[in-house]
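Pasting the structures in now, so scroll down.
After this come two complexes, each holding subunit A, first together with subunit B and then together with subunit C.
Up next is the complex of A and B:
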């Protein structure tokens, strides 16, 4: 009788390589982890926003009453606005309200006995206007940056690439208000083609007067496209110089296929990161652009709220902007995760 | 060629093969080119800014009236003003910023208005005001045939309501201090529909001049802050249609306005979403607005050549720009220090530098255009005398801190120029900049800091000027006058002048009061400024006078060609 034979793989059959344990549902895990972190970051941010707003010199009662504030009037107004409660209590009640979608009541509106005092209602219109502006800029940003970046990368080292490099550097270095003023001078003063301000009535939407959107969008894009297109170009050049691209060329694949399938696709991860960065940068740019073009958005609302020391409105807007920032971060990383399989499978 | 082959060639000391290394664009070229671009850009923008107009003194002053002609009805005035955000409101008593004032004057009317040269006053809802022997009872004759926007007739009962309820209460009127302690509210009497008797607790010879102040718009009997916030009913040339604070208000013509035929335009849109003065000027040029009050002074100078819009300038200069020094304590408590500063200021240079020439030097006297104003008191600069006065007071090497704010040319620009003038005279003046939102609030040290600035519209009467700045309970006590040693006598002199009804005696008393301010007061009033406004090229009929922008905001006088 012979010893029992171990059942092993059949001779000639491929051996499965040893891999580390695979993450079961990588996308879901990622989302859960990042959203939890995002919420924590937002809470930490809200504390900072709250402290910073309340550290501004002069409280809203003093600013609203201005030169005519007597001690009795101040005390009465501060009490009706709840400013005499302790800081922690005010923060907690505000945060709890915010989680339910109630951003509190505008201190200035209350002091003026205005019919509408809810911050959520007051900033809904401006928020919509800014979202339209940001969305149009973001949507145009991606194809424009890709086009410019790919164009430059494919002609790397040639005169057209140098010109483009130079131009994008100049545009990227300009602050928004300089670029915006320049555009106003050219398109409004000289050519008379576009209005220098984007006034909108309270019941009008930005899309009802699209000509007022052109210059603000161009200003935002000018800087963002300059930055992103340079990233796209750099990533693509790096990809086009890699070994596997050389191999593909040697194997006789069409140049166009190589560019997009191997060059662009490979560099997409860094490109997506730079788009996310540009879009986040747009938020800061929006405040300046809105002031320059008198565009009635969230940036102008924030400026006015800070000037009037309207603490609840400043907190509400700042919290919304922080949340948007975090969401974009998560979305960008999610796109990268989907675009780069290596990150999902954990393969080396 | 492969990378390896290129590297082999280079390390062998040979020139790299042509085309293998990008040529010509070194980092040095890039940086130099970038700098050249930015430099060129800066020059280009500076060139755009100065735009070819005449600047500085000697350039022609603007007219005080737009072209006239036959008025045409119809069209919309769109006014652009700096935003005050959610602080904007419709009630005249709580108006503090420019958009509010314009709205108050459009929706409501006043008993009296400042005249074209401040005095005599222009009748509004009141046709005249007569006093008894010693100015303790005033009888107002009101304009007949005026109706409110809701159709109800305007009567003396409405005015009585304002006097007894709204104007007496500091929580519903920011300027209640002007009338505080004056009106015997319990005894205000309605004689008939157009006659009102207002008894005073203390004699005030110039009582009607106090009622021109912009917070005293007349509202309907029974109105409250809440009712006006949602549905303002006034007697003004325009009726309320809609209002979004910090954005825009829309008013329409009041067909029953008490000035026959006016206003000519159908609609008045006040756009207060602007946060930038350049954007305002651009919007006027671009046609998005057609009325721009208090236009940027440099832009006003330039348009003389470019003619992109029309500029109006009031003939009589009544706004006053001042530095204020505390007389009761601090570095300026010694009168010699105050006199020194008043002597070393070159007022014309400040006007030319900060106000683009729009102004005329004042000699530290409040109230141009007011009755009994001492226009013969003249201050001549004398830097040597100033230096010797400072040395006498033992303040020769001291440092003085001037608190200023970026609130326009009359503030920070003027402060910077003044500090330079002082430095040239060997006096050390440092600037402390506070942001515009808090400068006029307790948090910004208002009425506390010893050396600050202010800019004020005419108060139409010396009584008003005193009650605004110098009396014991004055709301704008920049200089704390009366709190210095011996100050009680000075305040008593003011009270005497306010109460004196005999013309000769009053003239003498007011002269004494002003002489005292000229000699020892705390205000360095460096300029009387005109109102400078702008309108699009197709606007007609508007004028500029000493009484607020566009002649007390009389947009009802204008039409579109």
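Up next is the complex of A and C:
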């Protein structure tokens, strides 16, 4: 009597023979389709990145070497960068190189006769540092958003909910660098607790100096949790108003059980989607946050490359970030599919 | 008769009742007041600034005193004066960008929803799908690295990042009205596509398109401020809130206000826009049912 009546076949029941064979492995079907689409998007994106970075008629070599470069040096740099070849040929060789893990050579590093000019090598370290930052933020994001969202949802309409709703709206509205700056003002200028910059020594890794991670992570979380917790709250309120929760209430189940077993569980579908959006947001947010804290990651590298017109490096980083973004997108949709059985069993 | 009584009743009540619905909500009113404040500071500020914009008035990073109310910046210039001058750049950039965003987004969306040529709709919408796949800031940075900086490049870049969302909304709203009698009648009358777009479709989808204007404007403000902060927008010696935040980091230890004051104003700006957007969404009934 206390358990809600099951409608349709139980989860483990054999699939009715009438179902067309196509729908039998919906998750595999979905994955194949999404991966194909993802590859297509990435190829289109790489064209977009390549065209946009080559939009300026002005020459990369000229910009990098400055106005008083000798024609000989210009020609030398141009031919070693392959800039004297036609656009399509350059694009194809760039893409083929990228598929082999070679993102070309940095024009700025070459002009400065730096010991290392390969973009892939130059951005490997920053990429690792950024992954650490993003991973910590992403791991903390989910429990925090759930906690704040559920807390607000079960108190919907009460003063604490109103206060939280204003706070999350304010935090979610701020540009990352504004929130980060205000955190720096409070935690390092006034309280003197945390360092305002997250520079690392040559032999240091982010994890060997965790104090430098606190403010960047807090900044990212401030914006992302504000967004996700609002979605969690809305989803939870919707779930708590649904018929099956009413039935559970009328059946006299304990409020705690109703809240988590019936409310939270149903609302997870919308929440997971908002987490995916938040994690995607982290990709954009991390660029500005790293620049603010001079954290030696991929975002700082990207900004520096843009400021110095280091086109090959911009292309490489943009391609990497775009690929990561697309992969996260597919993973997030996969998780949604696994969490929401309805999407798997329907004729989709 | 009912109309007359309603008018009389409304006139009899306080002026408060005559405000648009979303401004009567508490957060709407708060947002409107805060936004008005920021606009006042940005556009009237230059006329009341106590000191010249770019001449040093004291040593760099001087703390607040009676002569310089919020101290000086990294070059010894008056922080208050620069803040009073520094709002118009981010506001102008985001206003022009959002105007272009809607101009392009709405036209393309309506065109995609209406056009009878088979290639137009997929062509526009696949481009929109592609642009929406990438992180906005990444797209903007890639474009800036190729096309160089400058006001109009930024405007184009921000519009390029934001128009896909508008185009999607415009297209689905158009698809909804495309099969209604009045659009079909106009088609049968032999009216040309532009006439149908601007006289039949646009007035009817306007509410749907404008519903999330606030959210999109907030996004434009964030992008504009971030680009200025990153040093890719407004260039020194120009006064700009985002630029001030980054260039005055060096005097953080002696004068916090050089960084905190522009950051606070940007915070008030983005929060007020979001409050208004939120109140507007509630007034359209997109809430969880708590609104009146």
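Simple rule for what comes next: the second predicted complex is superposed on the first by the 315 of 348 C-alpha atoms of A that agree within 3 Å, B and C clash if a C-alpha of one lies under 4 Å from a C-alpha of the other, contacts with A are read in each partner's own complex, and residues count from 1 in each chain.
One rule holds in what follows: a residue touches a chain if its C-beta (ideal position, glycine included) is under 8 Å from a C-beta of that chain, and two chains touch if they have at least 3 such contacts.
Quick caveat, the model's predicted, so the values are computed rather than measured.
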Original post:
Superposed on subunit A, are subunit B and subunit C clashing or fitting side by side?
Top reply: clash
Original post:
Is A:280 contacted by the first partner subunit B, the second partner subunit C, both or neither?
Top reply: second
**OP:** Answer with first, second, both or neither: which of subunit B and subunit C does A:108 touch in the superposed model?
**Re:** first
**OP:** Applying the touch criterion given at the start, work out whether A:193 contacts subunit B, subunit C, both or neither, answering first, second, both or neither.
**Re:** neither
Subject >> Which superposed partner A:157 touches (first subunit B, second subunit C, both, neither) >> reply: both
Original post:
Should A:309 be classified as contacting the first partner (subunit B), the second (subunit C), both, or neither?
Top reply: both
Original post:
With the two structures laid over each other on chain A, which partner does A:75 touch: subunit B (first), subunit C (second), both, or neither?
Top reply: neither
Original post:
After lining up the shared chain so the two structures overlap, which partner does A:185 touch, if you call subunit B first and subunit C second: first, second, both or neither?
Top reply: both
Original post:
Who does A:296 touch here: subunit B (first), subunit C (second), both, or neither?
Top reply: first
Original post:
Thinking of the overlay built on chain A, is A:173 touched by subunit B (first), by subunit C (second), by both, or by neither?
Top reply: both
**OP:** Choose the clashing stretch of subunit B with respect to subunit C from the list 294-302, 366-374 or 384-392.
**Re:** 294-302
Subject >> Touching both subunit C and subunit B, counted on subunit A across the two superposed complexes >> reply: 58, 156-157, 166, 169-170, 173-174, 178, 181-182, 184-185, 188-189, 196, 291-292, 303, 305, 307, 309
Subject >> Complex contacts: residues of subunit B adjacent to subunit A >> reply: 22, 24-25, 30, 33-34, 37-38, 41, 45, 48, 83-89, 94, 96, 170-171, 174-175, 177, 225-226, 229-230, 242, 244-248, 271, 273-276, 278-279, 282-283, 285-289, 436-438, 440-444, 446, 475-476
Original post:
For the complex, which residues does subunit A have touching subunit B?
Top reply: 57-59, 62-70, 72-73, 76, 106, 108-109, 111-115, 122, 156-157, 162, 165-166, 169-170, 173-174, 178, 181-182, 184-185, 188-189, 195-197, 199, 201-202, 291-294, 296, 300-301, 303-305, 307-310, 313
Original post:
What residues of subunit C sit close enough to touch subunit A in their complex?
Top reply: 27, 129-130, 133-138, 141-148, 218, 221-222, 225-226, 229-232, 242, 245-246, 249, 252-253, 256, 259-260, 263-264, 266-267, 270-271, 273-275, 278, 288, 290
**OP:** In the complex, go through subunit A and note every residue touching subunit C.
**Re:** 41, 44-45, 48-49, 51-56, 58, 156-157, 166, 169-170, 172-179, 181-182, 184-185, 188-190, 196, 234, 237-238, 280-281, 283-284, 287-288, 291-292, 302-303, 305-307, 309, 311, 314-315, 318, 321-322, 325-326, 329
